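Here subunit A shows up in two complexes: once beside subunit B, once beside subunit C.
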Partner chain A sequence: MTAVILDGMVLGLQFGLLATGLTLVYGLGGVLNLAYGQMAVISAMVVLFAMDAGIPVLPAVGIGLVAGGLIGLFLDLTIMRPIYRAQGEARVLLSLLLTLGVAFIVDGFLNWRYPLKALNLFIGGGAVEILGVPMRRGSLWASGITLVTFAILFAFFRFTNLGRAVRSVIEDEEGAKLVGIDPRRMLRLILVLSGVLAALVAITRSMVIPVDVQAGFSITVFALIVAVVGGLGSVPGALLAGIILGIINTIAATYIGTFLSLVILLVAAAVTILIRPSGLLGVKG
Partner chain B sequence: MSDRFTGTTGTSLVGGTERHASRSLSTLFASVAGVAAALALAPLWVGDSRVLMGVAVLGLTFACYTIGFNLIFGSTGQLFLCVGALAGIGGYSGAILADTVGLSIIVSVLLATLAAGLSGGLLSWIAVRRSLGVIFTGIITLIFSLTFETLLLGLGELTGGENGFLIESGSDTFLREQIPPYYLMLALVASFLLVHGLLRRSHIGWAFRALRDDEVAAELAGVNVARYRIYAGLIGSAMLGMAGATYAFTEGRISPNTFGFAEVDVVVIVMLAFGGIGTLFGPILGAVTFTIIDEVLIEFGQLRLVILGALIVVLFLWIPRGVVPTVRSTVEKRRRRKSDDSQPDQDQQETLQPLGEMNNKGG
Partner chain C sequence: MLEVRGFSAGYQGNNVVHDVSFRVDKGEAVMIIGSNGAGKTTLFRAMCGLLASSAGEVLFKGDDIAGRPAQRLVRLGLGFVPAERHLFPRMTVQEHLTLGAYPKRPERETMSTVLDLFPRLAERRKQHAGTMSGGEQQMLAVGRALMAKPQLLVLDEPTTGLAPKLAHEAYEALDVLRRDGLTVLVAEQQVPLAMAFSDRGYVLENGLIRLEGTSEELAENPEVRQAYLGVT
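Now for the complex of A and B:
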């Protein structure tokens, strides 16, 4: 049982990280970025090409993170301009359609040019025992990096002026404007951050399973579900929802098995949303 | 901020100006007949090619899906991201009822329609009971889609799993010939259009408009918002199921991809948004346009997806409201300007008169 819970935590941390980049952008700008998974895949490809070019792993990962941020910046400077001009529901819908178009462009290009590429950062060495359970090194590294990332994010949002400014825009955009915060600049910052997080998702994921060029869609869908279950706009919510859904998925996979474990995961997500439409830690009660 | 979550505000993307309510019955019949007649000519053009006729039938099937989705989302603002799943409930239950259970095709299609309608109505009821906003309805129905897809793959003994379901019933009838399925689908498209048009004229249509423009005001005015949402969910989903089942019998083979989220829902949303959300004929325009674009792009192979994506981005930057509302307001503006120039005194009368005319043609 301990093994199942630990495996679930590993998966859950991944789910949580997956949802964070998406949830922040939605919470801040009311924008659903359906090209989120594609941002992750592009970053993964950048890391792969850097390594193919003979750059060592760590600098290559660094280049991938920067690439993720640049993609975010690029999106902000291009399609986000007309999106932010729309208001409320129209904005959600327009962002959905435009980012879907971008996702198509990226998917089509990668499948055309590099159909068989996949990023694979397996970490060798024997298993490590945690609480008497042997764990793979790749999973531990991925979870460690995720935990550190969340720690940095929490510190950023709680203790820095910039982080507080971002939170104030999430809570009340008009109020934030009144105290001199430029929401548009915060949106740009968060989109860049979301790009970096997407890159990090791809990198930590590739330590456990290969990330291929087709992975974009499923990354986006899972990110979306976890983000909504956790409460859109809430980073702690994303982490909590990720861990809960991860553990549910692993338990179902171990004791029930087959395709039903995915069904159980989906039903659990649906039930949570129906019981608490604003999510586990949603802003709106 | 809260509006974004509850989705109670009117939106500029959905609908636009709505003056079709007063469209007379004969105009409605005439315009539907006109559209159907225009579409009926397609076999003259591509009737020789089995492949192109297959594409045309699929295009009309998507027109049916888009009309059904428009009735649910365009009329009552419920973002159903399970168009493919509901059509798939129709397709698969029709196939299983006819082949495995042994019912006649007509009875199977009717039961399949009922099954899809009830599923959609149930989803609608849940969304209304929990007062889910647009995004949350979207997520719940997306989860429904993924669950349906997983079950299709998992219950391989019943559904054929990944390999798909080969439908024996109807294999020796007109359903598998080259041209007749096209006219069968066209009949569905025309009758769905009529149903939607008649609904818009009835008290249900007034309720739809009222609740979409301002839900709270509609509720205060005595419109039972919940009931009308569920009506839309029921009727629209029944359309999806009927189209899915009919398509299954004409095609002879269905697989999870036939009704997949990426293959159906994404395409339907793009078609509807292109034509104009909430308009009567927008779905037809969107379905026809994107079917043709998709077919033309086939020779580009893998790059097709890139071009399609770029087209989507350009189109929605250029005409975010869709073609029908954009053309309508442009024509309106031009007529108004013309009448301003010629007879500034009778401004009012002059603008009202042409508007009525234009509505008969447009939309």
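Now for the complex of A and C:
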């Protein structure tokens, strides 16, 4: 049982990180980015090509993270312009359609040009025992990086002026304007951050399993489920929901069967939404 | 300090305020009174850059600021406290005051001035705005605006939802600010309070300025007495 819980937490941290980039953009701008998984996959491919070109792993990973941020910036400067001009429901719908379009284009292109590429950053060495359970080194590294990332994010939002400014836009956009914050600039910053997080998701994931060019949509779907359960717009919610769903998923996969684990995740998500429509720690409700 | 000329604004092409003109001189307290739906909120929101205006000029310290977004006006020295306050529910009092000075770091001196004015806020620095009472929220909204050291403070119905005693206290705080040299423009339905506070006033009805004068003149005007002071 300890093994299942630990594995669940490893998966859960990954889920949490996955959902964070998506949930922030929604909380701030009311935009659901369905190309989120593709941002992750492109970043993974950038790391892969950098390594193929002879660049060592760490710098290649750095290039991948920068690439993720640049994709975010690119989206902000292009499709987000008409999206942010729309208000309310129209904005959500437009964001769904346009980002889905981007996702299809990216997926189509990658599948056509590089159908067999996959990023693989396995970390070798023997298993490490934790609480008597042997854990893979890759999983531990991925979890460690995720925890550090969350610590940085929390510190940013709590203790920096810029972080507080971002939160104020999530809390009340008009109030933010009244203290001199330009919401549009905060949105740009967060979309860039979201791109970096997407890249980090792909990189940490590839330490455990290969990230191939088809991974985009499944990343988006998992991110969406976790973000909705945690409460769209809430980073602590994403982390909490990630860990809960990660444990549920692992328990389901161990005792019932992998084939049903996605169904069980969806049921867990549906139940949460029925009981708390705004999610576990939701902002808007 | 502020001069509004021929100003019109509204929603989706339907003007709510029409050709409004008024001015506020440095060091003055000016009120705009009017009943519910007279257009006070629309006028202030458009003037302060939260709503598009359709015609006219808003001269603030000599510059036409009509059409500039709210976030740019704060830095010019125009602070706005809307009727709905627009606080950040899950952020603390301290965080609100810190953000009030954005993008600069809050000055110690300004912070202590605000906390001296509203000792309740000092007691509740760690409390979330969403859990505070209406009166405390109003203090916080004003305090947040003061952190940017505005030269002109514009308040839309600062007594909305406040019990009479708290409404009174709100105006006492504004009195203190005035004595310290702040210029204040306030829209109000609770006319007696605003009248005791301000030097001059304008009466807004159906989006038009109907009357203007010193507070004494308005207080003696039979129309004003009947419509806003409950005197027959």
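Following the convention adopted for this analysis, the second predicted complex is superposed on the first by the 282 of 285 C-alpha atoms of A that agree within 3 Å, B and C clash if a C-alpha of one lies under 4 Å from a C-alpha of the other, contacts with A are read in each partner's own complex, and residues count from 1 in each chain.
Note that in this section contacts are C-beta pairs under 8 Å (C-beta built on N, C-alpha and C of every residue); 3 or more make two chains touch, one makes a residue touch a chain.
Treat the numbers as computed from the prediction; the structure is a model and nothing was measured.
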Checklist entry - Where does A:G180 make contact in the superposed view: on subunit B (first), on subunit C (second), on both, or on neither? => result second
Item to check | subunit B or subunit C, by number of subunit A residues touched | outcome: B
Checklist entry - Counting only touches as set out at the top, which of subunit B and subunit C does A:R188 meet: first, second, both, neither? => result neither
Checklist entry - Once the shared chain is lined up, is A:K117 touching subunit B (first), subunit C (second), both, or neither of them? => result neither
Item to check | First (subunit B), second (subunit C), both or neither touched by A:R136 | outcome: neither
Item to check | Contacts of A:S168 with subunit B and subunit C, given as first, second, both or neither | outcome: second
Item to check | Which of subunit B and subunit C A:S278 touches, first, second, both or neither | outcome: first
Checklist entry - Does the superposition put A:R205 against subunit B (first), subunit C (second), both, or neither? => result neither
Next on the checklist: Please report the subunit A residues shared by its interface with subunit B and its interface with subunit C.
Outcome noted: 171-172
Item to check | Interfacial residue positions of subunit A with respect to subunit C in the complex | outcome: 161, 164-165, 167-168, 171-172, 174-183, 283
Checklist entry - In their shared complex, at which residues does subunit C touch subunit A? => result 49-50, 69-72, 74-75, 80-82, 85-91, 95, 98-100, 102-103, 105, 144-145, 147-148
Next on the checklist: Touching residues of subunit B toward subunit A in the complex: what are they?
Outcome noted: 1-5, 7, 9, 11-14, 126, 130-136, 139-140, 142-144, 146-147, 150-151, 153-154, 262, 266, 269-270, 273, 301-313, 316-317, 320
Checklist outcome for this item: Touching subunit B in the complex, subunit A uses residues 30, 32, 79, 82, 86, 88-94, 96-98, 100-109, 111-112, 115, 171-173, 217, 221, 224-225, 228, 232, 258-260, 262-263, 266-267, 269-270, 273-274, 277-278, 284
